[in-house]
Each structure stands twice: as C-alpha cells, then as structure tokens.
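Common to both upcoming complexes is subunit A, partnered first by subunit B, then by subunit C.
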Partner chain A sequence: MFARLFSASLMLSELRVMFTRRRTWAMLAAIAMIPILLATAVYLSADQIAPGEGPPFLDRVTQNGLFTGFTAMLLAMPLFLPLTMSVVSGDTIAGEAGLGTLRYLLIAPVGRARLLVVKYLATLVFALVGTFVLMIAGAIIGAILFPVGPVTLLSGDVIQIPEALGRMAIVALYTTVSMMGMLALGLFISTLTTIPVGAMTGVLVASGVSQILDNLPQLAWLHEWLFTHYWLDFADILRQPIELGSLGANVILQLGYVAVFGALAYGRLASKDILS
Partner chain B sequence: MKAQGQLAIETVGLEKAFGDQKAVAGISLSVPRGSVFGFLGPNGSGKTTTIRMMLGLAEATKGQINLLGYEIPKKVAEVLPKVGALVEGPAFYPYMSGRNNLIRMDSADRNSNPQTREQRVDSALERVGLSNAAKKKVHAYSLGMKQRLGLANALLKPRELLILDEPTNGLDPQGTREVRNLIRSLAAEGITIFLSSHLLTEIEQLCSHVAVMRAGEIVAQGSLNELRSNGQTRLMLVVDQVAEAKEVLKAAGISKTETLGQKLVSSVDRELDVAKLNKALVAKNIAVSELRLENPSLEEYFVDLTGEGFEVVR
Partner chain C sequence: MKISKRWAPAALVAAMITAGTIALPMQANAVDLPDLTPKQVMLLMDGEIQGFSGTIVKTSDLGLPELQLSSMMNEDMIKEMEEKLPEGFEDFVPTLIEQNIVTQAVELISGTHKIRVYASNEGARVQILDTMSQRDFIVNKDEFWFYDSRKATAITGSIDMQINQAEAEKAQLDAEAKLAEYAAQIQLDISNPEAVADYLMDRIGQSTTVSVGKDHRIAGRTAYQLIAQPNASNSLIESVVISVDSETGMALDVKVYSVEQAEPAFQVGFESISFAVPSASTFSFTPPTGTTVENFEAPADLQAELETLKAQGSDMTEEELLAYKAELEAKYADQAKPEVIGEGWESVIHLSAIPTEVPMSLLENELFADLMTNVAGGKVFSTPIMNVLITDSGEVYAGAVTIAFLQEVAAR
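Coming up: the complex of A and B.
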C-alpha cells in the first residue's frame, strides 16, 4: 500500500523538477529578502522607532539581532508566505496539465494517488525550505547588524543563544505545519483547472478571505475552523515553557484540512478525463 | 504470462460523448498483434479521443477496450508499462534538459528499474538521434526535436505496443524519413504499432492495416491490401506500335484499353502476369519502353470515404 502511494525515486524527481525552476529560487530569494530589508530599514532608522511602535518585536530587533527572524516571520505570514505557497501548490497538478506532461506522467504510469501524494509532499518540502530560509536569513542579517546575546522571552525568562536558535527552528517547523492546510487546499484547486495561474490565484484568494473572516468578531464561532486562525500563534513558542494549547489545536486543524482536501483532490483527479 | 489473444488492441462499441456530441460514436477496432496499424482520419475525427480512452486518460461513455489482453480502464496500471505512447504531440518541462526530462518520466513509472534508468534514457536518445542535444534545455528544441524526444520517451523500455499519435507532425522531410525508418525498424522487432495520422502517404508507406475514421465513426477497416482491392488496378504500357500492342492485349484477355498517344492504359486484374505479357509483346517485335502495373490509389478511395472538403465536418 505504501509503495502504491509513495516512491522515493519519484519524490526526488519531483524535487529536482521544482528546484530546477528559476521561479523556485526567485521565490526563496524573495523570502530571504524580507528579514534583510526589515533589518536594514530598522538599522538605518534605529533611533526613530519608539518602543512598541510598528509590528510586534520590532523594537527588540535593535537590542538583539536574533529577533529579526521572528519579526520577519510576523510580517511575511499574512501575505508574502501564503503567496509563495499558493504559487507552488496551485502549480502542482494544473502546471503539469498546462504543460501537457500530466498525460505522460499518467501513462508512465505514475498512478493518480501516488502523484498527488508526492506533489503534496513536495509542496511541504518547499514550505519547510522557505520558512527555514526566512529564519536563517534573519539570524544572519541580525547578527551582522545588531548585537546578539541571550534572548529575553515574552514570559520574561532568558534563554541562551543555542536554545534561541532551537526556538527559531521550532518556529520554522510550526509555520510549515500552519501551511499544511492551505497547501492541501491548493492541491485540490489545482486539480480543477489546467491553468496554473488560475489555481494560484484561487488559493491566494482563499487565504485572504480566511484571514478577513478571522477578523470579524461576528463570526467568532467560525474562527477556530479557519486554516489561517493559528498562523500568528507561533509567538507562543517564545514563552517558557512553550505553550502547547493552540499549537496542538493548530496541528489537528491542519491535519483535518489535509484529510478533507486531500480526499477531494483524489476524488477529482481519479475521476477526471485528462484532455490537456 | 502472455496468454492473451491475437489482438493487440480491441475495442467494442467504444463511445465518448461530450455533452450531447459524440466525439467517438461506437467504434470497434481490431488491431492484430505484430501489425503496423494505421489510424487514419481528418483532424477532429476522434482519433486522439480514442487514443486517450485506450490509455486510460479519459473514460469511455460506453463500450469496451482491451489492450494486449488487459481490460481498460480496470487493468490500465498493469498494461501501461508494456505500452509506449505519443499522445497529441510531445510535452516536456521546457526548463529542463531533454535527458533530464526523460529521467523524470521514467522515475514516474513505478515499475521501471532505477539502476538501468540512465542507460535506458541514453540509448533511447541515441535511437532517435538526439544524443548531441541531450543536455540542451527543451525550450531550445525545435518542434522536430521535441517530437523525437517524445518518441524517445515512448522507447524508454522494451514495449509490446506503441501508440503513436501523429509522430511526424512538425518534422522536416529528412526528419520525417528518419522517423518512418525508425517505425519500420521497431515494427521489424515485432512491436505492434498503432499509428494515427491524417497523412495518407504515411499510412500507405508504413502500415499493414488501416482503419479510417470520419466524424467519430469507422468507415473502413482492414489490411491495406483488402482496402486496395476496392479500387481498380491499371496497366500502363508505352510502345512503338500501338495497334499491334492492342491486339496482343486483347489476346491476353485485356479488352478495356484507352490510348493516349504512344501510351496504353487498361483496367486489369491485379494478379496479371506482367512478364508473360512482356514476352508476348516482344515476340510480336513490339518495342516496349514502359510496362508497369499501377495499384489503385488509396487516396481516391479515402477521399471517397472521408470527403474532399476543407470544411470541418462538425
């Protein structure tokens, strides 16, 4: 059963296709630019920022460069990160269909379920790489421009640099998990069309709508079901001890989205006539 | 393992409807094993849709398909490794090299051996004459080169059946010749070839059998010889003494003869013994400068079947 659904050889091939594209590298470069721009702007105008002004943590960046990654993640989370995720996930099936390679993969034969599993896992790898790129670029530029030292957490505890780096990795992992639902939604939307740009736009709009709904207090009952609801909760990782409540809820929510949209994507692709 | 019947492809009452339009309207194909089977029809007659159904890419509305003894779409995953195909033109990742594209496609096949992958890819590239362009990105390929790469993709493994949809599309005359030679050599290896084309000359040159599609239906099917016999064989004769030659022909039982200057054209039996006729002519001291049998042109026959018009039928 496992062999029917996964193949290391195909996974490697999928990643090779993804990382051969200049677009993938351009997006990763753009992700890396977020902390770099942020840190540079803060560095050049350090004396003009009053404590508490701007996005959370912004004033802390000047005191400790290790905060650059966290702050950049907060900035990237609502729009830029979902944008790159929608490009990658919207392209999964629609991109192959648009090129015509989908028909050749299917007659190889790749197996429709296996193709979906591998495509999905590849988008997850991209999310992981993207979030780590952001955190690492943040740490590096922060270390270059600002002093680096033990980090004072939101709970007031102080952790040493190695542990702070560990927390940064956990934030990157958490953000990747936060993207799982959206990536699954993107995979499903991608099976609906042969025009990749259409699918990408669809996923991005969905994330925008979800965030707007999350901000309407009248819809409070709906909030915990929205895939964007816990996106900014990675701040809980910056407490001692790490607060697990919303993290756990997020994992369950994201897995729920993966199950639902994974099933829908399979239902759609398995019964679809490939006419592209 | 090879207990399947004599037919490489068999369809019964195969139908595909898009809305209320029938792209394929109940066709029954019988493709014998080892044949080079031409699937001829004008653009838009339903050839590619039929091929898509055979390969499990599209679901038939009605009817049955059997490929190499395997029921489609139920057993499609088992039979596809034995089938190489080119469907509606080649398709590749433009930002990857030709070679990497083939490696990618081979990786998608869970039955293929990763250990022999590179070697199989290289020999497929060599077979279609692309070894020198293997490392070039596909977006730099000409249409003809993409077409060859598509053929290489169909040849990544030893196949029992090749389904080739318009394999010479976009090729220059030399490339066309090479691809046709390649198809001949593949057929000589015993691979059944199902060749769809809108070019009659291509079918005539390559195929042993043919089915003719028109507006979703098969209007003729059989071996090329069977279909040829629907037309009339003609004898072409150029001599110095027309009247005497006519006498000789009459004596040989050929009465319907037209004269065009020094040239005689008569309708004859296709089994006519030309050598014997030549002997008889020479015995009468007639100088023969040309003597040949002209097989009926399939073209005339097919134009009758598929219509002359430039108009799209539907």
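Coming up: the complex of A and C.
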C-alpha cells in the first residue's frame, strides 16, 4: 500500500526540481530577510522600546538577540509565510498542467495518488525549510547585533541557551504543522485549474478569509474549525512548563484538513481527463 | 450523472469526521457511576487532596462588551481613547487600564480565559495564558509574586509566617469555639460528618432544591453532577451545576445558568487535571533580568496610620486608642455603608448613596450610558445573573434578582 503511494526516486526528483528553481531560493531569501530587516530596524532606531509597546516580544529583542526569530515569526505568520506557501502549493498540479508536463508525468508509470502524495510532501519539505530558515536567520542576526544570553519565558522563568535553541526548533516545527492544512487546501485548488496563479491566489484568499473569520466574536463556534485558528498559539511553546495543549489540538485539526482536501484532490485528479 | 468511485475517499473522510464530532461528545456522557444522593455527593466533596495541576477554561456570556483591556491594548489605542473621551476624563483611561485592579477583575470576569493552576501544600501558582503573554501569580511559604510578561513587571511581598500562623491559629480556635457553642445550641454532633451534611442539606433545602444530575466525563475524569435550583421566584439564577470528581470529590466544573438564557452565563471548569503533586520548584520565583520589580505596600493612608500607631504603640492608653478609633470612624463616616435586604437567593444589597469617589457626571458619559438602560425610577445595569439599579435619588440596589424585584425593594 505504502509503496503504491510513495516513491523515493519520484520524491527526490521533485525536490531536485523544487530546489533548483530560482523562485524557491528567492522566496527562502525573502523569508530570511524578515528577521534581518526587523533586527536591523530595531538596532538602528535610537529609541528604547518600552515593554508592551509595538508587537509582542519586540522589546525583548534588544535585551536578547535570540528573540529575533520569535518576533519575526509573529510578523510573518499572518501574511508572508502563507504567501510563500500558497505559491508553492498552488503550483503543484496547476503548474505542471500549465506547462503541459502533467500528461507526461502521468504517462510514466506513476499512479495519480502517488503523484499527489509526493507533490504534497515536497510542499511540506519547503514549509519545514522555510520556517527553519526564518528561525535560524533570526538567531544569527540577533546574535550579531544584540547580546545573547539565557532566555526569559512568558512565565518569567529563565532557560539556558541550549534549551532556548530547542524551543526555537519546536516553534519552527509547530509552524510547519500549522501550514499542513493550508498546503493540502492548496493542493486541492491546484487540481481544479491549469493556471497556477489562480490556484495561488485562491489559497492566499482562503487563509485571509479564515483569519478574518477567526477574529469575529459572533462566529466563536466556528473558530476551532478554522485552519488558521492555532497559528499564533506557538507562543504556548514559550511558557514554563511548556504548554502542548494547543499543539495537540493543532495537529488533529491540520490532519483533518489534510484528510479532507487530500481526498478531494484525489477525487478531482483521478477522475478528470488530463489534456495538458 | 454517475459519480466516479474516485470520489469515494473524499466521501469516506467526510463521513468519518461527521461521525467523530457526533460520537465524541456522546461518549463523554456514557458514564454510569454508583447512584448517590445529594448528601452523599456532598460528603464526597469533603475529601482531602495533596496537590494537583490542571488547565481551567473560564467562559462567561454576560452580554457585556469584552473588556480585554490589559492584554489587548497597546499605547496607541490608549492614546486614541484618550482623545475620544470628553474633556476632564483623559486621565481616566490610562489609570483605568494600567493600575486599576477593578478593570483587571472585570477583564477576568468577562470573556474567555485559559488558566493553568498548580497547587500543593508548598504553595500555589496560577498562570493566566493570554495571547502572546502571560500573567503569573505565585504564592509560597515565604512570599508572593505577581508577574506580567507583557509589561515585564513584577509585584512582590513577603508573607510573614510567624505572625500569620499565630493569627491563623487564634482565628481557628475562635471559630472552633464558636462552632462548638452553636452546635451545642442546635444539638448537632459536629464530629460526625454525616450529621453535619444532614444539617446542611436541611438548611439549604429550605431555599434550594438540590439534586444529582447525569453522571458524566469531564477533564478525563468521571464525575457526579450536583444541581442547586433556587426556590425563589424573583431570582435570576436558574440553577448552579457543579461537577464533582467521583474519586477525589474535587469540584471540576461550575456552571451558572440564568433564567434569561439557555447557555450558561458563567462557566469555570477544568479542561484537564492531574492529581500528581507538582514539584516545589514550581512555586519559587526569581524575577528575570529587565523586570521592573515593585514591592507591594498597603495603601499609603493606611500605612501612615499604622505607622503612627506603631510609633505611639508602647505608651498608648486605652483611652487614646478609643479616641483614635473614633477619629478613624469619623473619617470614613461619610462613606455609605452597604446593607443587605432580605436573605438567600433574593437578598439585595443596598447603598444609600453612590460612593463619593465616583463623580455623578460619569454616569452621564456615553460609555456608561451605553451600558445602562432607563427604567421607571432610575437606571439599570443589567446582566443575565445580576442587576444593579441606580434610582433617580442616587440610591443603589444590586442583586441576583429581576429588575422588577429591585424596583419593588426600592419602593418599600
């Protein structure tokens, strides 16, 4: 069963294609620029940032460079990170169809389900690389411009640098998990069209709409079903003792989205005539 | 049109999710514990617990605007609010938000909060999990701490165990003596918990109907449900429902239902709980570098008065002490004293005048006008579980009773 759904050689070639594209590198560079710009701006501004001013954690950056990654993640979460994810996931099937290469892919002995699984996993790898790039770039630029030391958590407890690096990795993983549902949605939308830009826009709009709905108190019953609902709860990783409740809920929610839109994408791709 | 079997997985997933969301809550109710009477459930609640940790979720539906001021507002928003307020009230906003404990309390009462609690014989720690920030309250044997991560501030004070212990012991002995005296009067054997439960049930039974509801599962534990319904026609409270852990007797969830709405007006309960004793290190706190630490002090006036007392303490005669007491009383005499009218569920708190610190013009301010409704004889601040009536003559009546009953009491 697993062999029918996954192929290592196909996965490798997919990743090779993805990471030889200049677009991929440009997006990763742009992701890395978020913490760099943030830290530089804070470094160059003469004003002391008072606690509670500006976005959360911003005042911490000057005290401890390791916070740059967290603050940058917070800023990138609503729009920029979903934007890069929508480009990658919207392109999966629609991109091949748009270039006219989808039919050649399917002529090769590759099942349509297997193609979907491999395409999806490749987008997930991009999400993982992207979030780690953001955190690592944040840690490096923070260490260059600001003092680095033990990190103060939200509960007032202090952890040493190795544990802080561990928490940063967990935050990056949390964010990757947060993207799973959106990537699956992108994969599905990508099977609906042969125009990649259309699919990309569709995913991005969906993430925007979901975030707006999440802010309307009148729709409180809907909130825990929205794929963006737990996006900012990565702050729970910065509590002592670590709070994993939101991570667990997020994993279940995201897997639900993957199941639904994965199955829909299969239904669509497997039942349609591939003409391009 | 024939639907391709390729869509079968999609249909299957949809069916599984639907089934799951329906079946899970049903499973939560599929619990059957040995039947207990309300009295037995109350006896169960008498159990002793060495320590626990858990996550509490608190929601309230009071029809009030959500006041997540301290956690949601930033400087810009406060400035904007200042500009919008009428002249003379500019100072009102920042103080209201930054310092006022009342606003903090209101913010905690309204809306939804997630709170983690740790407790043992060593101390207690309460963490209010705000978005992107956290407030911690820590109490151990020597000191207490309040830490706000958003503002990076901490408030601390020491707990002088020696004084407290002596006082507590004395208070306990006093209370025990009084209780024994009272028990002798009503011929109650207080060493027998069953007799005490009987007595309590009897007393409660006069004003309240107590029953045991459905056994259920909550926070991963099996629980009894104790339901208290007021026997009072003017009460706003429909019922108070308490979930009692079947093993430890700890209250796991409390819901307050109003006669005005089907959803609970107020609910606080554990989402998860563990009865493992938390490690003692949870209750120690050292403020991180960069924190503004403030030492908690009693309000200045009182402090000054205590200081005077202490200075004079050694050679103060009884006469002087009485004179000083009279002086203090005179000082606070112009403050209206609250009195309670009626008893039980229908008790109403009456203030003969609005406290002098509150300027009357404030009540005409738009912000407050929005919260008040005009009724015959005054203005009403109304929530599903409590009403406050301010009469035209400036008297205040408040209680968990209907507006009509407040008006009736005011007219007496």
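Note that the second predicted complex is superposed on the first by the 274 of 276 C-alpha atoms of A that agree within 3 Å, B and C clash if a C-alpha of one lies under 4 Å from a C-alpha of the other, contacts with A are read in each partner's own complex, and residues count from 1 in each chain.
Definition applied: a residue touches a chain if its C-beta (ideal position, glycine included) is under 8 Å from a C-beta of that chain, and two chains touch if they have at least 3 such contacts.
Keep in mind that this is a model prediction, so the values were computed, not measured.
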| item | value |
| --- | --- |
| Touched partner set for A:L99, first subunit B, second subunit C, both or neither | first |
| Contacts of A:P147 with subunit B and subunit C, given as first, second, both or neither | neither |
| Touching partner for A:I274 - first (subunit B), second (subunit C), both, neither | first |
| Which of subunit B and subunit C A:R21 touches, first, second, both or neither | first |
| Touched partner set for A:G166, first subunit B, second subunit C, both or neither | neither |
| First (subunit B), second (subunit C), both or neither touched by A:Y266 | second |
| Subunit B/subunit C common contact set on subunit A | 271 |
| Touch list for subunit B against partner subunit A, complex | 52, 55-59, 76-77, 80-81, 83, 85, 87-96, 100, 103-110, 114, 153 |
| Partner subunit C, residues of subunit A touching it in the complex | 50-54, 56-57, 59, 63, 74, 152, 154-158, 217, 232-233, 235-236, 239, 241, 243, 245, 256, 259-260, 263-264, 266-267, 270-271 |
| Of all residues in subunit A, those that touch subunit B in their complex | 3-4, 7, 9-10, 12-13, 16-17, 20-22, 99-101, 103-111, 114-115, 271, 273-275 |
| Subunit A partner contacts - residues on subunit C that touch it in the complex | 4, 6-10, 12-14, 16-17, 55, 66, 74-75, 116, 127, 129, 131-134, 136, 145, 147, 149-154, 271-272, 282, 285-291 |
